[in-house]
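Okay, so chain A shows up in both of these, paired with chain B first and chain C after.
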Partner chain A sequence: MTAWIDAGCIFIVFFALAILATYRIVGMIHIFALQSFVLGCVPFFLHAEALSARVIAIAIVTIVFKGILVPYILLWAIRHVSIRSEVKPFIGFGLSIILGSLLIAGAFWVSLSLQLPGKAVSNLVLPCSLSTVLLGFMIMVTRTRAVTQVLGYMIMENGIFLFALLLFDGMPTLIEMGILLDIFVAVFIMAIIINHINEEFERAPVAESRSETGESF
Partner chain B sequence: MLIGIFLILIHWLFVFLLAPLFVGLVVKVKAFFAGKKGPSVFQPYFDLVKLSRKQCIYSQTTSWVFRAAPVVALASVFVVSLEIPLGILKAPLQFSGDILLLAYLLALSRFFMIASALDTGLSLEGAGASREAFFSCLSELALFMNFITLACLTQSISLSEMIGVNILIPWNLDPVLLLVVASFFIVLLAENCRIPVDDPDTHLELTMIHEVMILDHSGVDLAYMHYASAVKLFLFSGILVMILIIPFQTGNPVKDMLIFLTGMLGLAVLVGVIESSMARLRLNRVRNLLLIAFALAFFGFVITIWRG
Partner chain C sequence: MLLILLFLPLFCAFAVFLPVRRIFRGGLLCAVSFIHSIIVSSFWLKLPVSEFNGYLVLDSLGLILLSVVSFLFLIVSVFMVGYFKHEQRSNRTFTACLFILLSTMTVVSLSYHMGLLWIAVETTTLLSAPLISFHRNQQTLDVTWKYLLVCSVGIALALMGTFFLAIAAHDLHSLLLPALLNGAASLTVNWLKLSVIFLLVGYGCKMGLAPMHSWKPEVYGQATGMVAVLMSGVLTQCAFLALIRVAQICNKTGLSQFYSSMLIMMALLSFLVPAIFILGEKNIKRAFGYSSVEHMGILVLGLALGGVGVFGALFHMINNAIAKAIMFLTAGSVAQKYGSSSVDKIKGVIHVYPLTGAFLIVSLLAGTGMFPFATFHSELMILNAVIIGQHYILAALFIICLAFIFIGIARIVLEIVYGSSTKPVLANKENFFMNAAIIVSIAALVGIGIWMPTPLVNVLRAATVLVGA
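Moving on, here comes the complex of A and B:
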């Protein structure tokens, strides 16, 4: 089972890296959906010997919320706003990939000196969750569009969720559900805001110049 | 001594008889996906025979470099093939650090190819040479990162021990090896000019990398070039398949050989499927693909180091 958890963790980091190298926003959203799906499967492997209703509920809610609903809302936002689908990074893709791999190395190095309480099922979960958080953070700060920043935020949240799985036993279900709902609402609101920003700009005469300098979306 | 020579001959026979078949299989898969019947899988052999019966024509502006390149290309893959264990055939040439020899022999043949392309004085070949030089820099980075990761995993720097039949590292769906396999697959596609990087079929000079560099070669020289690139593809696939089949070793020579050949067949189909389902990447995006390959291998390296 440990090998499956390890593989899941590595896939999550790999998808974060792949998002860093993707040119199209739609492609980013699809990879994010895949990442969330893998993330949703990890609890099954983590608690394979004692599969409780709670584990199944968490896994299914994660897959449905993050793997299906959030990508759907983001895709809907993109379709409605009819924004151009290229990602515009502050730093180039090649540099992003190299910096991303350095961040991963940093996360692994930091995790060497982190000792967590509780049983360690797979020791890859901690460094991989840290790497995912860092990569999500990097996507947030280096990609200029509103949608990509939402995506970066979601990837960061995926990393935090992976981290939370380590402390699964000490965390009440209600809080987990609350967090998931918060995220869902946050993405929903962001999608609506993106939509409205666009409508405002369509009416505003400064739309052209704004998109040159402001990089709102 | 005699047995050693015999083993070398068997190794060469195996590689050089099967290599064109591998290319033929890829072409066949591509034809199947395009809804065509396609040429026979033995077509590359016929092409080689046809080319070797033709006369070589040399431009007056070329020097000996141009004539040396096909020979060097074929000779270097001849030597490289001795270092790679294939199925139950152990590598006849193995010593500590032979991965460096492998990488640099390939680099040597590439250097001569680039030099011969520049020697013709044709601007298109110069463009192809420049691209080849740039992409091979990046793919070499990823290749070495893969080798370093494998060396850390197996605690040895000889290719035969890193991927060989005698070493059974606890695979167990070890995710590090998944990363190495994925990264090495991208390197394979890039080094052998397959589709996301270069199109082996196109004859549009502006987009070609490898094909444009051999535009001026003809006759036996062209046959050498084609043969060398087919063998190179076969050898890279051999390394990849050897990494993949480590957990399926049974100890029975016949079964192991069948597993290896099945693996090669599967890889040929996979390359064909990728070639038919993907478009060539834009040239400035190839760089990112190769950097991704490097990042994957680096990630595997970090995990290996981290586990201690």
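Moving on, here comes the complex of A and C:
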């Protein structure tokens, strides 16, 4: 089963890198959905010999929340926006890929010196989760649109969650579910705010007369 | 008893979505805050039993935060009755978010599991977003977006830190606080160090410590006064409770030196940054936001020094919350009357609204820690701890920065109060509920500044022992 886990981890990093190189926002969201789906499958491989109800529950909740609902909400948030492509990232696509690869190399180098206690499942989980967190952070910092920033945040969360799958016995199920729910609500609220910003942006010429300072009190 | 505290506000959050008059929602919030505070004050006589297999426990540390939460919600709910007399927007979502916020803040002060603590802190972050963007114009939305992004990343780092902590506690198979403290010897030190760094940066971001403070002046400048009170008074201190829990673990594992050196570094930055930026500030609420950064610095400085410093920091938690209530409620009431909170638009408040002008002077004194306000005593205790610890340079910098911040706030407040008079835009009269809320907070702060009741001293002592520095 280790081969499957390794493949899953590598795919997750690969998808994060692919999002870094994608031009269209809709494409980015689709790749993100794929990444979350792979992430949701990892628990099955990790506990293939003893599938408990708990493993299945967490895998299904992950797939439903991150793989289906979050992409759906993000697509809803950008529905009204006329420009659907990433206009100008701060740094070009070629340079982003090179920097991204450097980050991955850095993550692997750092995780050489970190020793996981207990039985080793796969050597790739720790470096891959660190790389995904770093790539997500980079997407957040270098992309200018609100939706891409949310995507970067979600990729970061996926990286953290990959890491969390190692600690299955350390965390009670309810707590893990709570964490998942929180992240989901975060995206939901962000999407609503994006929607409000869009509305306000479209209304802007009218809004000038509404309040002189635009300040709330 | 604990369950009533949790579920009563949560239940009411749904009740406000019924088609009722807006005055009913305000009244309901007042009633629930009142019941909440009655129950919390009964805990000062006897601590309640734990719930949910030791996941929810009230200890003296939690009791301090819970009382502050309860008190501020009571004050804000009274203020809100007056505020919504002059406000056209519907208060439905606003009140619902306040109810859930009350419930989750209660969970923060009760949670004994590091994972549950994270969930509760994250939920408070998310709920404050609709509160900040209440007026829904371009500026508030931009600010809300900035706040959500900065704090979400911070909180994500804290989640990572929590997972690292779980790896450090691999042999214990638990993240419950008593298990961690009793089994401190079996924690893996390297992973624990990594986890402490991530938790400090994550929760520090939520607290608004420099250099992660960038959201603070912006958000407090744009949010309504009531929201700024709840954020600067309790939301940030919820994150401080998380840092205290980390300190408890560090003190048991011999990492206290490592942890406190990082805390002192951040505290120093949190003094320097506002001292520099407040001098050029034109907006009273933004200036108070910088003052909040400074007070967070004072809190972590006290926590880092141990002993009398911890006692001072815990006392300062209470004082800072009440002082922030006075400052931001007054600023909010002025801003509602003049339609702005910038010095250019408001001048000579004392000629038009004598009482509000007096409140502004009081908030200047309370916020900068003058006698007879209790902030004076707690700041003095922490300064005392700095000198006992023989950090003389730190003490000098601390005093110089406080002086600069005093000058910065005094410059703005005095110009607003005594400058040549401008006409208020909206010309509201003084409101009884708003003023009553501010007067009660002033009385409370002066009260504990002059005379500290014995139960308060006992609880603060017990909490200091719990931190164990």
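We take it that the second predicted complex is superposed on the first by the 200 of 217 C-alpha atoms of A that agree within 3 Å, B and C clash if a C-alpha of one lies under 4 Å from a C-alpha of the other, contacts with A are read in each partner's own complex, and residues count from 1 in each chain.
As a working rule, a residue touches a chain if its C-beta (ideal position, glycine included) is under 8 Å from a C-beta of that chain, and two chains touch if they have at least 3 such contacts.
Keep in mind that what you see is a predicted model, and the values were worked out from it rather than measured.
After superposition onto chain A, partners chain B and chain C are found to sit side by side with no clash. In the superposition on chain A, A:185 contacts chain C only, with no contact to chain B.
Contact with chain B, but none with chain C, is seen for A:98 once the two complexes are overlaid on the shared chain.
By the touch criterion stated above, A:167 is placed in contact with chain C alone, chain B being left untouched. In the overlay built on the shared chain, the residue A:196 is in contact with chain C alone; chain B does not reach it. After overlaying the two complexes on the shared chain, residue contacts for A:142 are found with neither chain B nor chain C. When the two structures are aligned on the shared chain, A:175 is found in touch with chain C, with no touch to chain B.
Using the contact criterion defined above for the overlaid structures, shared-chain residue A:133 touches chain C, although it does not reach chain B. Comparing chain B with chain C, the partner in contact with more residues of chain A is C.
With both structures placed on the common chain, the touch criterion links A:116 to chain C but leaves chain B unconnected.
Of the two partner chains placed by superposition, A:158 touches none, neither chain B nor chain C. The gap separating chain B from chain C at its narrowest, counted between C-alpha atoms of the superposed chains, is 21 angstrom. The residues of chain A shared by its contacts with chain B and with chain C come to none at all. Residues 114-118, 133, 137, 140, 146, 149, 153, 156-157, 160, 163-164, 166-167, 169-172, 175, 178-179, 182, 185-186, 189-190, 193, 196-197, 200-201, 204, 207, 210-211, 213-217 of chain A are the ones touching chain C in the complex. The touching residues of chain B, counted against chain A in their complex, run 172-175, 178-179, 285, 287-288, 291-292, 294-296, 298-299, 302-303, 306.
The touching residues of chain C, counted against chain A in their complex, run 113, 115-116, 118-119, 122-123, 126, 129-130, 133-142, 144-145, 148-149, 152-153, 156, 159-160, 163, 166-167, 169-171, 173-175, 188, 190-191, 194, 222-225, 332, 335-336, 338-342, 345.
In the complex of the two chains, the chain A residues touching chain B come out as 3-4, 6-7, 9-10, 13-14, 17-18, 21, 23, 93-94, 97-98, 100-101, 104-105, 108-109, 111-112, 124, 127.
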